[in-house]
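Here the chain labels run A, B and C in written order, and each chain numbers its own residues starting at 1.
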Amino acid sequence: MDALLHQIISGLANGCIYGSIGLALVMIYQSTHHINFAQGELAMFSTFIAWALIEHGWPYWAAFFATLAISFTAGVLIQRIILRPVEKAPVLTNVIVFIGLLVIFNSLAGWIFDFTIKAFPSPFPQKSWMTTPYFSAHELGSAAVMLCVLGVLFFFLRYTPLGLAMRAAALNPESARLVGIRVSWMLAVGWGLASAIGAVAGMMVAPVVFLDPNMMGGILIYGFAAALLGGIDHPGGAVIGGLIVGVLENLLGAYVIGTELKLSVALVLIVGTLTLRPNGLFGKHVVTRV
Amino acid sequence: MTPRQSTLLKWLLAALVLGGLLVLPFLVKNYRVFQFNLVLVYAIAVLGLNLLTGYNGQFSLGHGAFYAIGAYTAATLMDKLGMPYWATLPIAGAVCFGFGLLMGFPALRLGGHYLALATYALALAVPQLLKYKTIEGITGGVQGIVLNKPEPPFSFRFLGQPFNADRWLYIFTLAVALLMFLVAWNLVRGRVGRALIAIRDHPIAATAMGINLPVFKSLTFGVSAAYTGVAGALGAICVAFVSPDSFGVFLSISFLVGVVIGGLASIPGAIFGAIFIQFVPNIADEISKAAPSAIFGAALIGAMYLMPAGVMGMFKGLWARWRLGAAPTPGPR
Amino acid sequence: MASLLQAQGLCASYGPTQVLFGIDFSIEAGQITAILGANGAGKTTTLRAICQMVRTAGKLSFEGKELIGQATESVVRLGVAHVPDGRGTFTALSVEDNLKLGAYTRRDRAEVSRDIEKTYTRFPRLAERRMQQAGTLSGGEQQMLAISRALMLRPRLLLLDEPSFGLAPMIVAEIFRIMRRINEEDGVSMLVVEQNANLALDLAHQAYLLETGRVALSGTAAEIRGDESVRRTYLGY
């Protein structure tokens, strides 16, 4: 029973991370209607930047926030410079560009930081008041950090003028232009935010799985699954989807199938759910007039 | 030029091209011939995916799985049952047709990104399943299966090069590829092709016009998988080796890259796509030993800037512009 | 007196299809101008051309500034508000959010709040539904919301595309009454595209008649109303 509880709680902690990646994907999807397949690699690269800063003697939280700023800027630049030329191109053209970005960042990380596995520090020390037999300090701490990030994002989108403008630009770009919103820049800011969220996810997961260029591959898939499970246009759904995926992964891995096949089985189950509810658990059933 | 002369010219051109293709393997070294074989194999696979994604709009990130199944079917039949290599092709095709049909059913309910995720799961699962302990006896587990390259039916020398296994496989693969391209071309030219495109562009209207969507979509999945399966079988024969790790997720992604680079909903585009995915990584390797994938990624992005509709899309655009330049522009002044 | 909005030889195309073939018109400040014509005449395209939402050529200036080549959002920031056909409300956002977005480019927070209150006074029905999702409003209420959102910009020129479309006659009459009041009280110049020629000529001071992308007739509303061919083709008598 203890072990089961531990698996579930640990799964929830992982789920926060999957949910965050899912949320980043939903953010970009809502404004551009594209899934950013490079999201995981961008997060991984950001984590490497944080690692490099820490290696140079920066204190953890200074490196953390500096990395957030760098990731945000990088996201904005990538959207402005690399994605704008293909903004109006067909979906699959954009997909190939994302794959290109994915490959570039993976390769650059391997080249600059090499492929050996590195340790990444956790700001939540092992032996502290937060550790319990059910979950480690890091699991609790990272869940708290992710919830903070989500809270800040929610507050920003709902209660600030810029957040409202971003939502408007995503909902109806043409009308947004007609009230003077620079829709192109809203896309860029969306990318910046998604990159920053991804960076946080990367920095929270690296202490557990160790840092290497292929760290985020599986996590991206879980994030994608989380986003779809929650309904691709529902940010809150992505978070809940992430929690479900996290718990499912742990339970499958521990009790059903073992670690090699757990990814495939988890995906099969998710896909099975989607065949029953094609718009995700919380997605809106959009009725269109023919 | 009369229509008769035009047809004659076309036949002459085709004969020249065919002749050139037949002489080609004797002009280059063995390793190049091997690479050409893979280009032909990938072209068939990319064509299969294009039927599904380009013509029918169903997004698949899992065709590497069908390639793997085809490859392993051929390898097992040759290794365990001693079947001749050419007989494995139709069986691989049929097996993959069945799997494709199976995959087509959940695909009916899923669209767009959901289908992408589902097929991605398939692409991940197949290599893992191939490594599974219980069927190691058949699949050879992690070590895979080693095959013998088939010997050519007769031997001779031409232009100083021997007619060896690789060159024979080239002719064989070329023949299979030509046949499969012809079949696909016939398919998409007629009612079937129009139905596929109607389903892709406006499924509701297609249903209203009496096209049986579930049947068509599942069959398309099956045929697409069959094509890629035959390609996989050919690949196994050409490489003479199969192992689970050679059929990872990147293979599926490569096929998709091939489809888009070559041009969606285009038959000849598959050749260009296959050339890209076979040779550009090699070129990238020569440009930079340290980060070859980064060069490949940059090539992908560059290609999309220059040719957002793929190579065939670019040709069509150039062709249209050439014709517009020749004819006077109609319309009010 | 320099015109508020002036177009000379304005051409517009959707991709390769040309829709406007060199039209000339000018809008005077403080006036309501109507653009009439049948379906496909190019009326909506004219408004879209002003907002640079389609490919345009020729000369088009607003308060002396050249519009062609600018982004839509820049044209809006110059003081041109557009109520598109179909209303263009943010259906998933609340009424109040829609109004706030209308004032997105303004810096004077106190005045914005005052304008929102003025909207609620002018349209009590919107006040009742201020926190409701805009998509749940009736057609007439959405039209009121769309016009109010455009007015939140405090524009000097208001473009309206088929404000009567799909609405019951009583609602339409009310909306046109309010449009006249807005023009008289707040001095907002308007350019109204309407298929309902009767309504448009009642409201407007000036009118242009478009036929397949060209200006067929122009003049004061009274002149256009008096024209034989207009009466027979568009007014039905």
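The rule is short, and it goes like this: a contact is a pair of C-beta atoms (placed from the backbone, for glycine too) under 8 Å apart; a residue touches a chain by one contact, two chains touch by 3 or more.
Every value quoted in this text rests on a predicted model; they were computed, and no experiment measured them.
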{"item": "Among all chain pairs, the one with the most C-beta contacts", "value": "A-B"}
{"item": "Nearest-to-centre chain - CA centroid comparison", "value": "A"}
{"item": "Centre distance in Å when subunit A and subunit B are each reduced to the mean of their C-alpha atoms", "value": "33"}
{"item": "Euclidean distance of C-alpha centroids - subunit A vs subunit C, Å", "value": "43"}
{"item": "Chain centre separation (subunit B, subunit C; CA means) in Å", "value": "53"}
{"item": "Residue ranges of subunit A touching subunit C (in the complex, touch as defined)", "value": "161, 164-165, 167-168, 171-172, 174-183"}
{"item": "Contacting residues of subunit C [partner subunit A, same complex]", "value": "51, 53, 71-73, 76-77, 81-82, 84, 88-93, 97, 100-102, 104-105, 149-150, 153"}
{"item": "Subunit B residues within the subunit A interface of the complex", "value": "53, 106, 109-111, 113-114, 116-118, 120-121, 124-125, 128-129, 131-132, 204-205, 253, 256-257, 259-261, 264, 290-294, 296-301, 303-305, 308-309"}
{"item": "Subunit B contact footprint on subunit A (complex, rising order)", "value": "35, 82, 85-86, 89-90, 92-97, 99-104, 106-108, 110-111, 221, 224-225, 228, 232, 260-261, 263-264, 267-268, 270-272, 274-275, 278, 290"}
